[in-house]
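Consider the two complexes below, in which chain A is the common component and chain B and chain C are the respective partners.
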Partner chain A sequence: MQASRARLFKEYKEVQREKVADPDIQLVCDDSNIFKWTALIKGPSETPYEGGVFQLAFSVPEQYPLQPPQVRFLTKIFHPNVHFKTGEICLDILKNAWSPAWTLQSVCRAIIALMAHPEPDSPLNCDSGNLLRSGDVRGFQSMAKMYTRLAAMPKKG
Partner chain B sequence: MDQKEESSSIFDPCPICLSPINQESYLDQCFHKFCYSCILQWIKVVASKHSPREPFIKCPLCKTKSSSIIYGYDGSSFQQHLIYENSENSIFFTKAHKYRLQCYYIELGNSIGNINISRYWKSNKYLQPNQWLYNWVRREIQALIQEKDVDIIVHHIIGVIDSWRRNEPKGSKISAELKQEGFKRMVVDAAKPFLRGRVDRFVNEVEMFLASGLNIEAYDKVYVKHLGWKIPEIVGDDIDDDDDEEHVDCNPVIPLLSFSDDDELDETS
Partner chain C sequence: MDSEDDMHDANDVDSYEEDYYSGDAMYSEDEDDAGYEFLHNDSDDSDDVLVSRQQKNYTILKEDDILQRQEDDITTICSVLSISRDSACMLLRRYNWNVSNVHEAWFANEDKVRKAVGLLDKTEFKPPKAGELPCGICFESYPLDKTSSAACGHPFCNTCWTAYISTSINDGPGCLTLRCPIPSCGAAVGVNMVNMLTSDEDKKKYRRYLLRSYIEDNRKTKWCPAPGCDFAIEFDLGSGSYDVTCHCSYSFCWNCTEEAHRPVDCETVSKWIMKNSAESENMNWILANSKPCPKCKRPIEKNQGCMHMTCNPPCKYEFCWLCLGQWSDHGERTGGFYACNRYESAKQEGAYDESERRREMAKNSLERYTHYYERWATNQSSRQKALADLHQMQTVHLAKLSEKQCQPETQLKFIIEAWLQIVECRRVLKWTYAYGYYLPEHELAKRQFFEYLQGEAEAGLERLHQCAEKELHTYLNDDASQDAFNNFRTKLAGLTSVTRNYFENLVRALENGLSDVDAHGASSKTSSSKNAAGTSKSKGTKGKGSNKVGTTSRTDDSTGWACDQCTYMNPKNATSCQMCNNGR
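Up next, the complex of A and B:
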């Protein structure tokens, strides 16, 4: 418990210092609870998520960093490895391949990489996975782009 | 000085707690650095997830597999924590290694079976090289220090024994006892840096193996029989695999005691 708190505090300080360094990630700790964080990540360029800003919710266990944080998308996203309703993410480093050397910041980077490189063979969103698996890249991209515009872009006017 | 050390560890914190490293320890393959307690905790977590346990740990930073943690380095010596001690699943540590290690926890008389050590010296049998000695010593060292790659140590010890034999005057001017003593002293000197407290017993074991004139397999059988142990893998042949379970009970257990010199006990007199 103390160990996870101390480590999260280090990460907090690091985030404050690095803010400028990674313009694609904005990590914010809950005012009253160091085990709850949110992140805003920018959709990677040259993907259907480009131009969108996606919100992630982190729930950090007391055994952190020996156990991975739970992360989910709060912003709706059309992606084979993200559950369309719950925002749950299927990513190995958040499960079996977790290593205590990961940080909340580097987990955000891994999620950005997952957005750019979906794994249609282990889908949480079957519709999205099937489009890619059947080779309908255009169909997938237009759906993903539409949801990016609907859910991840600031409304104009 | 202190300040300098501290600032360097702030820039190079433990990847697990992100704090300055406490009790520096390294994985033995990639030499990535962690707090001793942090990496131990991680090993426990990994072990709880894998059944059977794996004899290695993947580095949290680079995924390289290491089989031990090196810690407590003070400039001249260090300690080693094995990921999976006495592992039956470990790659090199076989049942035979385990049995040899267990032998070192048992008090042995002067000799076993009908191996006659004094005759070995009196009859000058020691002048003949022993073709099985290298492999026997290798297994012995592997068992004792629980390391796979011990060839340098074995080479050193065998080299010392060989050169001693070559340089030993052929004449019988020197008594067998003196030769025996000289031989033992020399092997002790050669092996002590690696075996430390176990070196004297090791030398006795070497002498006994040489005196037996047996190959490793035959020697193991005599040894195991003498101790009254039943280890199917070693006694082999006449025991069916099906009987394994029955014999498990007879397997020796390593008692939780370490060596003490007999001399220390004689204080009362």
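Up next, the complex of A and C:
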């Protein structure tokens, strides 16, 4: 408990410093609970998510950093490795490939990388995975772009 | 009197007993059982067969043996590759504890192997000579002596290392391939660091995983599957029979780790076991405890109440449980609601035969399975019982008998051997029922031959069992004469040996897929001079009296003729079959 708190506090201070360094990620700690975080990440360019801003929710276990944090998308996203309803993310470093040297910041970076490079062979969102697996890249991109526009972009007017 | 008689006299116990007592030392090891060698796949000399059977093609390893071997292997790798014990251990684990594979891979491409296992030959991170270092996990700074690192040099504080390694150990055997926490690094964390940094309990768990890995990752070793048994078996691959018997006395098949199942092959066993779990509990129960509704045919269990049954909606058919007739027909005129006399009278008149017969037909396939399953299960429980009896014999009766007959226990070994044989026979017999179930229905000749062999085997075993159990009891309780007891010894030892031979031949025949039924030419060898004697009395025919077995071609063999009924290859001059008495 103490160790995880101390570590999260270090990360908190680090985030304050790095804010400028990485404009794609904005990590915010919950005001009353250091084990709850949210992040806003920008959709990577040259992907159907470009121009969108996606919100992530972090729930950090007490054994952190020996155990990985739980992360899910709060913003709806059409992506083979993200559950369409719950926002759950299927990413190895959040499961068995976790290492205590990862930080919340680096997890965000890994998720941005996952958005740019989906893994259609182990899909949580089968519709999306099937589009990619059948080679219908255009179909996938237009669906993903539509949901980005619907859910991840500020409404105009 | 010749020994050939008794296996074929299965149905005639009296005459057999008589033969037995009149005989003197009939069963010497080397010329006993030509008559039972119904298939001569191997040599004529049963002694050879026995010896080769008993040669062990496996070694049983205790925990100490395993550790010793592990140490030896590590030492070998250490000295040949000039690397640390720690590295040698990780290398071996990576290559499934196969020393020659490690050598091969290492000398083929050392760099590649080092990378795959995580053995770095230079550090990636050079720590400063003095000052403090930030821990990569808790991000605090520590003096040098409070931090550790794997071969890569990435520093983490000792507290974080302990927690990191401990978490991994408690996650399972994956801890054996633990790497430096820096994701891109990959330097291996070996047993040295584990010993340096973790609690005694975690060290113990880690050593346990290492030991298990030595057995489980190695292609040549497996743990004994018996519950609570700590022995492992090392098996010489490609060396015949898979049956192994652990020191804990559990026998199992090394290939599929099910219990020993000769003569049936592993595939059949897994099919059979699957079938049992899928059907025995469901279909057998349904068969035994339910009747189908006469209208909608759903099976109905009657677990309480009167004979007036009402089927579930939507059927709602009302009928009588006894006669399955419509309930509205029941009343005063049929003898009252609760006594369906109609069933009785109808049965007497035979009016229900037709419908009953149809029900039988529908159930037939299931009954076929039930037939084999029941016998399989019965032999299983008989085997358990025999094991218990054997134990009782070893612990209680043997000492008592030794006292009564004034003989040292070492001279009573023949009794234990008899019981061991009984246990083994039950096991074989049990699996012959799985074998029978999967024997194709249309191969009539094989089926008949198989059933004949099985029947003989059962009869032979019954005799042995009877002798070892009932007859022995008389000597346990009364002061029988020395002579009588010696006769008993001869008889039981003889029966044991005869039964052993019979079963070994049975196992071999079944393992060959009863190929002699097809290739009857091969069985011509059996017409040795020994067979010619003393089988005229045989009456153990179990054939169903049909003549569908291949008929014509058998007679023109110059060395003899094959019986149509039991396929036995008779000498040319015999006019009726020496096995089953069937006319030529």
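In the analysis below, the second predicted complex is superposed on the first by the 157 of 157 C-alpha atoms of A that agree within 3 Å, B and C clash if a C-alpha of one lies under 4 Å from a C-alpha of the other, contacts with A are read in each partner's own complex, and residues count from 1 in each chain.
By our rule, a residue touches a chain if its C-beta (ideal position, glycine included) is under 8 Å from a C-beta of that chain, and two chains touch if they have at least 3 such contacts.
These figures come from a predicted structure and were not determined experimentally.
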Checklist entry - When the two structures are superposed on chain A, do chain B and chain C clash or fit side by side? => result clash
Checklist entry - Which of the two partners, first being chain B and second being chain C, lies in contact with A:Asn33: first, second, both, or neither? => result neither
Next on the checklist: Which partner chains sit in contact with A:Ile93 here, chain B, chain C, both or neither? Use first/second/both/neither.
Outcome noted: second
Next on the checklist: Just to be sure I read the superposition right, which of the two partners does A:Gln70 touch: chain B = first, chain C = second, or both, or neither?
Outcome noted: neither
Next on the checklist: Let me test your reading of the model: by the given contact rule, A:Ser59 touches which partner, first (chain B), second (chain C), both or neither?
Outcome noted: neither
Item to check | Of chain C and chain B, partner touching more chain A residues | outcome: C
Checklist entry - Which stretch of chain B would you flag for clashing with chain C, going by 116-124, 242-250 or 260-268? => result 242-250
Checklist entry - Which chain A residues contact chain B in one complex and chain C in the other? => result 3, 6-7, 10-11, 14, 65-67, 99-101
Checklist outcome for this item: chain A partner, complex, touching residues on chain B are 13, 15-19, 38, 41-42, 45, 58, 60-61, 63
Item to check | List of chain A residues in touch with chain C within their complex | outcome: 3, 6-7, 10-11, 14, 63, 65-67, 93, 96-97, 99-102
Checklist entry - Tell me, which parts of chain C touch chain A in their complex? => result 136-140, 159-160, 163-164, 167, 174, 181-183
Item to check | Complex contacts: residues of chain A adjacent to chain B | outcome: 3, 6-7, 10-11, 14, 65-67, 99-101, 103
